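Below is one structure, written out as structure tokens; comments come after it.
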């Protein structure tokens, strides 16, 4: 187990280096950020040249990258253009997004699995078909559409919840944006657990359990569910990374000052330290989530042992 | 017992979260003279330093926390003495500034002549990389603290001389009679010693001499401003304070206003305006501001600058149905433009409908002119603008449809939406445009000169289309040298007529300021820069 | 540690007879649809019947009403995409601002959008670009991801480590950043830059599934048998492994198709998607979403068309999946 974790951790190093380099090149390709600092006015040449010099923007790309990586090793992630250190932005943004992601993951896991099991146990019946159609429609609706729609209905028309999230980002305020964020994944989870349950429902061990005279709920919860959850867990694990980075649209609509918001601001302003810093952390989260999923397998499936 | 532990722990955690959620609810809203209002805000682009702030969001804070030598009257735009007691000159080159007694910063430090000269020297010095440095370029010695290239050879500008506790003189490189009227701009604000001694600390919580003081500033999410009771100026705040809340999407701010979570929104998106009357009734204002949107032609491209193309440019202007677009897309929060300045200047300030017929929709004349001028270059027209903010996508489509309908061609005009403002500005400032591009101009101060000289004079600081016309330049120079600003207006208008003939930029529309507010507020108005006049608002 | 399974690091170990199909996909984590796919692929390996899997599937599909219905719907959509003029007589680019956001009326059953264009005509004409993006991007990701994933899974070792880590790197790029960088430099108004972009960011997902499926299939008795009989590596991959591992890729691809069409809308919302004069559902949806209060009909029709298309393709994929899986018969 220990050696396995170490090996996986070592593999993260090249991925980490590759990602930072790729993102760095991409932000570099976005162009010079200095002109935009002056708004609709033309930049003053002397001031612009000085800013470029201070930010190492007058150096060739490889020198900029080395300089940046050197800084990171000293724990310095650079600053946003409003003077705030990126580490400070991260400290403010990641807890908020983490909360939002947790809400989304809980929603998609609880409702997705429940709907999937219900539908998988009644394959081909009206309930199954209805849920199928519903999940497919949800998959096809872009997040910004469901975001605006649910915000209007629940936040304004019905007034059940705040249409935006306050800076404190309380859990009850995050329910609606969490749902919007979870919707597409929820549909996937439903589809996945439906298929998995339907497959396993015919397995010998389930037949045996039923033949033994175990009550139905016990068969479902103890035998069927446990074995059907593996693909679902994989999906949710990988989804944590995607949800954290993919909340750009949701965070914008609900005015949540999290990772997606900072990332979007960084991109709009071509601010390399912000974008590279945040994406780097996201990649690490993504890799850790994958590792966690693999370890979870051992819990769900006793046949798998990581030495 | 051991087995129950995780469950008990989880239960505690849930209980704790719920308890936390319930005790951090919004505070009960209190009214009266100490009432506090919440207002929408955008994250300022740069640190909030006077000489580094060149956009509305940072300017909003500066306008609350600072008072300068002059202040533009929120209604008329007239430059009135604020901290200045008098600004006198004999030759329009050397100005003697005398401050009123009794002004102080909210940390107790009195406002002196040095508060101004130190701040200006800081703003001008190239080492401090302040965006607004060029505003000090008129002062003698600027070229030594801010050389075009190479190292600065001086620490301070020799044109600024402190002559007493509350007096100083400023010497300009050339006579400029209207110079005192430019001093209402935020680059010219004073700064306390704390700015220089503890710069980082000051940036975390700026200290100024205005009617509000900053109680707390959470960068990127909001700022709490409270009335400063020690303020001795003429315009004390009529409310207890303002909480600014950062919104990324102005649609969300408006939604929050309707849901009762926000008191004031000062940038109502065009998409929300259709129902604004039924949503807000008369708690809505829509008034002219010093902002004009134009389509600038890249005059550095041969195909757009060759002789005869002025007809094509004029024809394109006449192919745009401004009336319909401002009504349908903008619900009248834009006014069709008929000159290159702004009606907010007023008749005395120089606004006049000098574009004339060239700004009127006339498809037949448009077709004729474009044909006479030799047609569109390559038979095509591509409009470029950033689309990450505002409703730019909608008007670009509408203008293109209007041009295509007028010319009777399906796809002569297409749009080139740019994803980020930064990218868009890079293309503009590196002169990489192949067709007309959007230019939004908000005046720094309510003078006609500010709408014309920087944008269209040869070598002008924001002349992004590289337009150059001898007659225009001469008229502008004559105007600037006139001792009486009223005479100068006539010259500027003559210069505008040159623009009408050459059409280097198509005036599209004047952008109004718009704001909506909750039932708690009265006395809401916007100034000419479309910023709410916070100190006049009362909370009921 | 006989049970250690980490194909990325220990490809030979992974090919051991104990190979667990779920775990085989695990090391690179990833898109979940896919484990189920790997699970199936494992079961596909049991050659119980003399008839081939594909002829079985064809037989079943011909009798499946879901399949027939979705095939009919797709045929209809493709027809519209090819000949929009047959259904709508108007011009999607002819707009009159005076009719901005007007409701339905004779001659314009779906009403008008903000620019005063006929929503019905635009919805019909939008099918071509949107379906082209969906289908081409799906084919692209399936081909690129499928081939790379299969190579990684089959050859293992350095190939596998390199490709899997490359996939991780691409997974880390936020879609919006990639879109703004890669799509902002092109000024073409065709669909191809958008298709290329989706393929570039979408292939790792398919590659993971294909890799997992190939890993699982490679353990099957009949593949081992083929090898034992002396079949070459290339022949084994092409003749025995690939045909049996392709099913999960098809399934995922049909689900992905819907998300790709929706992604095109999101890209338009961010200002980097398809450009006019191209007409697409994504452009119209992104223009309509902020107007949802003012003119809901603007959103309803293009979004409805999008959902219908997605529904048709996923139902089709579902039917094919069921037909290919003997366990579910």
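Note that the chains are named A, B and C in the order they appear, and that numbering of residues resets to 1 at the start of each chain.
Assume contacts are C-beta pairs under 8 Å (C-beta built on N, C-alpha and C of every residue); 3 or more make two chains touch, one makes a residue touch a chain.
Worth saying up front: this structure is predicted, and the values here are computed from it rather than measured.
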| item | value |
| --- | --- |
| Pair sharing more residue contacts (C-beta pairs) when B-C is set against A-C | A-C |
| Innermost chain by mean C-alpha position | A |
| Chain A-chain B separation of Cα centroids, rounded to whole Å | 37 |
| Averaged-CA centre spacing for the pair chain C and chain B, given as whole angstrom | 46 |
| For chain A paired with chain C, centre-to-centre distance based on mean C-alpha positions, whole Å | 20 |
| For chain C, residues contacting two or more additional chains | 180, 184, 290, 293 |
| Per-residue multi-chain contacts in chain A, two or more chains | 30, 148, 152, 264, 267 |
| Residues of chain B engaged with two or more neighbouring chains | 251, 388, 420, 423 |
| Contacting residues of chain C [partner chain A, same complex] | 1, 3-6, 8-9, 20, 22-23, 25-36, 39, 161, 165-166, 168-169, 171-178, 180-181, 184-185, 255, 258-259, 261-263, 265-266, 269, 285-286, 289-290, 292-293, 299, 303, 306-307, 309-311, 314-315, 318, 327-328 |
| Touching residues (chain side chain A, partner chain B) in the complex | 30-33, 35-47, 49-51, 54, 81-84, 88-89, 92, 148, 151-152, 155-156, 159, 162-164, 166-168, 170-172, 251-255, 257, 261-262, 264-265, 267-270 |
| Chain B-facing residues of chain C, complex | 91, 93-98, 100-101, 114-116, 179-180, 183-184, 187, 189, 270-272, 275-277, 287, 290-291, 293-294 |
| Residue ranges of chain B touching chain C (in the complex, touch as defined) | 251, 269, 271-272, 274-275, 321, 324-325, 328-329, 386-388, 393-394, 397-398, 400-402, 404-405, 410-411, 414-420, 423 |
| Complex interface listing, chain A residues touching chain C | 4, 7-8, 11, 14-15, 18-19, 22-23, 26-27, 29-30, 132-133, 136-137, 139-145, 148-149, 152, 184, 188-189, 191-192, 195-196, 198-199, 202, 230-232, 234-239, 241, 245-246, 248-249, 263-264, 267, 275, 279, 282-283, 286-287, 289-290, 293-294, 297, 301, 303-307 |
